[in-house]
Amino acid sequence: MRIGVLTGGGDCPGLNAVIRAVTKSLLLKCDATVIGFEEGFLGMIEGRSRELDLVALKGILARGGTILGTHNKANPFNHYLAGGADVSDQLVENYHRLKLDGVVVIGGDGTMSIAHRLSEKGVKCVGVPKTIDNDLMHTDRTFGFDTAVAVATEAVDRLQTTGESHSRVMILETMGRYAGWLALHSGLAGGADVILVPELPFDVEEVARVCRKRKKRQRFTMIVVAEGATMLDGEQVVRERIDDSPDPIRLGGVGNLLAEKLKPLVDSEIRTTILGHIQRGGTPTAFDRVLSTAFGAHAASLVAGGRWGRMVALQNGQMTSVEIAEVADQTRLVPVDSLLVHAAAAVGTSFGRADFEVDLSRMPQNRVI
Amino acid sequence: MRIGVLTGGGDCPGLNAVIRAVTKSLLLKCDATVIGFEEGFLGMIEGRSRELDLVALKGILARGGTILGTHNKANPFNHYLAGGADVSDQLVENYHRLKLDGVVVIGGDGTMSIAHRLSEKGVKCVGVPKTIDNDLMHTDRTFGFDTAVAVATEAVDRLQTTGESHSRVMILETMGRYAGWLALHSGLAGGADVILVPELPFDVEEVARVCRKRKKRQRFTMIVVAEGATMLDGEQVVRERIDDSPDPIRLGGVGNLLAEKLKPLVDSEIRTTILGHIQRGGTPTAFDRVLSTAFGAHAASLVAGGRWGRMVALQNGQMTSVEIAEVADQTRLVPVDSLLVHAAAAVGTSFGRADFEVDLSRMPQNRVI
Amino acid sequence: MRIGVLTGGGDCPGLNAVIRAVTKSLLLKCDATVIGFEEGFLGMIEGRSRELDLVALKGILARGGTILGTHNKANPFNHYLAGGADVSDQLVENYHRLKLDGVVVIGGDGTMSIAHRLSEKGVKCVGVPKTIDNDLMHTDRTFGFDTAVAVATEAVDRLQTTGESHSRVMILETMGRYAGWLALHSGLAGGADVILVPELPFDVEEVARVCRKRKKRQRFTMIVVAEGATMLDGEQVVRERIDDSPDPIRLGGVGNLLAEKLKPLVDSEIRTTILGHIQRGGTPTAFDRVLSTAFGAHAASLVAGGRWGRMVALQNGQMTSVEIAEVADQTRLVPVDSLLVHAAAAVGTSFGRADFEVDLSRMPQNRVI
Amino acid sequence: MRIGVLTGGGDCPGLNAVIRAVTKSLLLKCDATVIGFEEGFLGMIEGRSRELDLVALKGILARGGTILGTHNKANPFNHYLAGGADVSDQLVENYHRLKLDGVVVIGGDGTMSIAHRLSEKGVKCVGVPKTIDNDLMHTDRTFGFDTAVAVATEAVDRLQTTGESHSRVMILETMGRYAGWLALHSGLAGGADVILVPELPFDVEEVARVCRKRKKRQRFTMIVVAEGATMLDGEQVVRERIDDSPDPIRLGGVGNLLAEKLKPLVDSEIRTTILGHIQRGGTPTAFDRVLSTAFGAHAASLVAGGRWGRMVALQNGQMTSVEIAEVADQTRLVPVDSLLVHAAAAVGTSFGRADFEVDLSRMPQNRVI
């Protein structure tokens, strides 16, 4: 059996752990030959690949990034290097030239959509879900998220002590363009006073009220805001700020905008930190290494069982799989009525909304992990 | 409303986070008075308690241990200080003297059994499950476990580099007297070559075979062994070693025994490390802080809803609760046919059993988290 | 004996460790009474202080920030709250009202200048040097610096893996408005390809040349740039960018400017991260805790010996002290001919200067720590 | 120019960083060919070596251990594999066969003695000092020590919270067979109540007195003891315990002995943790990566300058070098009258000696780093 493997989209801690698990499982238990494509679909288009043996996998379990490299814009059906041309036939040709029996594609919803269209052209695929934002449909968790939460939480911990020493308003902007999972988890873990997520557009005046109230009690304020959080009355402003920029990190988006808006409303110094790409890199947490290994081994199992067209998924704590087709381009948002949101509110966290209420006696019991 | 709170049994990262979440939720959303008992049931027996206000909770979210203190041997029905006498009436008296409406008990199966018997004497209880070993029935995860896994995994990472430099056989003994969760997760996360758990009694000769085979390929061997792992033909020996000792950490139990048995069978130097209490202490991971906060807020919710006699539980990734009575003194073992065990085997990990086989094409799909 | 203690200027990991060492030493070995002033000189002006006993010091050794609080703008000789008025007499009055025998002031050059002027008004002072940038004269090291280096290095480590996966140009902006110590140490520790420091104005074209050359060899480029780094031909531009802003972190200063200038000169994606206040906060490294304790105990020793007017200092690895007067408002820059700079160049690091040469056979042997 | 490089003795975090700096400097600035010997002198005896190019060095800066491997017992003048025979001629032969101009040996005092004897046989050597214990003469610091201190300090931090929760006596045994540097620094950094080092034989009764006194004040006790610490009246006992054992880690040496002796003297539970090899492995701290790079680049500079027979050294914070001959088999002990020891005592740390006094007003001002 000859199987290809590639990583697509933005990088993420745990990619190497998945590559290792997929490849080791296929090498050791199926006697397969595994071919790694360089820079995601780009390598499959341009025919850049190398065989992966045990030596190539040595020591990568704990290493961040992807030894195969990845590429954000390599869409074979709309290729940026070919002026948006459809070069998928070229990719399929390489697939056959290498006599592959199938490919394991590790990536996000974009990657899965491509995989779905490729399978319609005869390229057999098994998918492994990947998103630092944990916002992919049909899987409760994706690897890399726990690491991003750990990095963001350490940042909150550090900002807490400096904020307290200077009784300032500290703002940390985390990733999360569409979903607030990362801000919610790191805000909870770091004990933030205010957590702002895209799912709950916030009221700047309410955020300022919290800061002023705390200041009166000689307390500083720690705010964690998701990159995609928006204001009740200013959605466009923020989106603009973010989408105008070739690199959101450069402008800093909502974190700096929030500071700007808060400035006239509070009597404290304000400091903003944009975590940016630090959340994407580095060695994965133990949790993510275990999850990545489970995802990878299960993907290899789907391959071994000839269950093509399916994507590994974690549902209700169980490992399972879904049709790649199903994943489409959807986003899994934070349910505003989820226990974590209510738990945060119960311990006094503000979501920047005066109207957000919690009835402790009837809190929801749904999803936590 | 007046509510007591106590922590029982061995300490665990996240206890303070639970205390904080329970107390803050009750103070902020129920206007309750919260009384903390010192050293678990001992403080409740001896009437040692103090009121917990917001100031008392400042900065404890990220702190390890328990600000209330805990005690392993304080069983009111069999009190070690009173020569095993039943002093539960004294405890109940203190409960009434303080005019409590109920108590939130944070602890393991032992603590829950006591809570159950106390409720039969009119002491209203809500339970929060706690075990560093993650081996409590009816809940898929307990706080503290992720932190212990992180600590053990960092140890494996460090031992890997020194083992490789000297091409030695490195043995790391983790906690896990009855269940192998900690050894399995940290072994997987650290990429151990051999993982030995109580659920799969191991064959020393097979472990030695793995070491020799690797040595031939100029590879060292990393072994992670759970404190309670036993040999196919030597169960008693190990148990003795552990149970004889007033403090298992002192003798080192199975880690050193394994080294002793391997020595004549391999031609490499062997080094053993016993992680011991380091796994119990220190700041909890972000994951555990989130889980602890969710557990605590949910426990407060049960109190607010008057749902006494129930223990918070995480099932299939959902927050729910079960009858304290149900928890009894049972242990949740690692299912030998679980995906994680097979995933470990699939990537080449040995469980010290020549007879352990994996059919990649029909791997189980059950529990992962 | 009655001694006051305060922390001035920006906060820094290790402040609490110094407070602890000063206070414990004086309490235990001199039977002194120690009074802590809140928010630096502001508390001394407004008479806000509290007695520090052993309980107040519990658990602060490893905690970031300062339990006393600090203030950047509280200069008694030019008081921002009194429109720049000289309120030093008020401060002196509080000093006498509290019957103090002297004050231990922990802070940077600004704080030391104030201490010097106060001593001329009869306020006896002993100083402890503090600067996250490690740029204070007369002391080779200051606490907090090692922690900032550790935080920045972890960021470089994380950016390395994500930069490599996407073969991008990654820019990390560290603190260091006037001196490049932090960028130099974290760049060396993280294996940066380019390190830009204020002491060596850089040539953008040369930086771009390095990026292009590496790109040709399929290598990405990691750049660490100090907040105060300037361009050979553009010093003003950068200074402006920084000094215009009420908060340099907001604009991101040189990190983003560099990305802007590099963009047209390289054919790689560029990503910038501004570390900001994360470098100031959080638990100090073991190294900083030891240094802080040594500084604090030695300051207490100066007090006990009645050696007023002196500041603790570390010179050639030895603990000693200098006249506070001497410290004035000077900055200790990175010697361009120091071994660390040449060691960095020897292993291939570029300083953004085509003209920077290293003769390995005659490398300088000076300062390393 | 053709230069060999090898790592001898026990491994240590930073070895790879030194190998990288030595090799990169020689490759980039001297156009040299660099040959790495496998497993220290063993590879030089058996002629096992490989050329080191830039690719071989990729990503090793932050990796623990040594990519060349090392060996404790490979002494060419007394070779364990040849029944203690002198095989040095064989080594010299390989040296000439490879047409080497010299060798950079990275190791401890044992390695330096061998290097010295080899240079008398015409093998040109430059040395780089290495010892996890920081106890080598003529250099104030060695790489790896800061990392070991960091690891041990994290262990103390974790044990503090669990010790406090159970009000136990916690004992941590660190490395340090002959010198107490590691126990002193990690004890100081972790805020240990008792620090026991070989340089100050301790009195068990005094240690017990401290524990009892603290217990009375509801405080637990944290003890950090160096592997080689000895009792005033029991030196032999301890040495025996350690030297009898094929692997000190197995018996746990003084940590367990101390627990045994304390047990009847205190009324608290006692727990011992033996850190063992975790202190040797894993990624080096930023401090150690900088120091290793400085050491390596300076060693390359000595080679380039033809300054054979010298060992890199750090003296008074300055990089310099000494005659390899001088290093001999000496050990650098902790000066009992050093500032760090007195600083520890000043903040209330006990060294297990009733007779140890500190006069705060006349504390020594010597070495800190």
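When the chains are written out, they are named A, B, C and D in that same order, and each has its own residue count from 1.
Operating definition for what follows: contacts are C-beta pairs under 8 Å (C-beta built on N, C-alpha and C of every residue); 3 or more make two chains touch, one makes a residue touch a chain.
Because the structure is a prediction, the values reported are computed rather than measured.
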Notebook entry, point to check: Which chain's C-alpha centroid is most distant from that of subunit B?
Noted result: C
Checklist line | Rounded Å distance between subunit B and subunit C, as computed from the means of their C-alpha atoms | finding: 41
Notebook entry, point to check: If you average the CA atoms of subunit B and of subunit D, how far apart do the two points sit, in angstrom?
Noted result: 34
Check: What whole-Å value do you get for the distance between subunit C and subunit D if each is reduced to the mean of its CA atoms?
Finding: 29
Margin query: Quick check: what residues of subunit A touch more than one other chain, meaning two or more?
Written below: 63, 157
Note to self: Building nodes from the protein chains and edges from chain pairs that touch, which of line, ring, star, complete or other describes the result?
What the structure shows: ring
Check: What chain pairs are in touch here?
Finding: A-B, A-C, B-D, C-D
Checklist line | Touch list for subunit A against partner subunit B, complex | finding: 20-21, 24-26, 28-30, 61-62, 140-141, 146, 149-150, 152-153, 157, 185-186, 188-191, 285-287, 289-291, 293-294, 296-298, 300-301, 304-306, 314, 316-321, 339-340, 342-344, 346-348, 358, 360-363, 365-369
Check: Can you list the subunit A residues touching subunit C in their complex?
Finding: 7, 10-11, 13, 15, 63-66, 69-72, 151, 154-155, 157-167, 170, 247, 249-250, 252, 256, 259, 269-278, 280-283
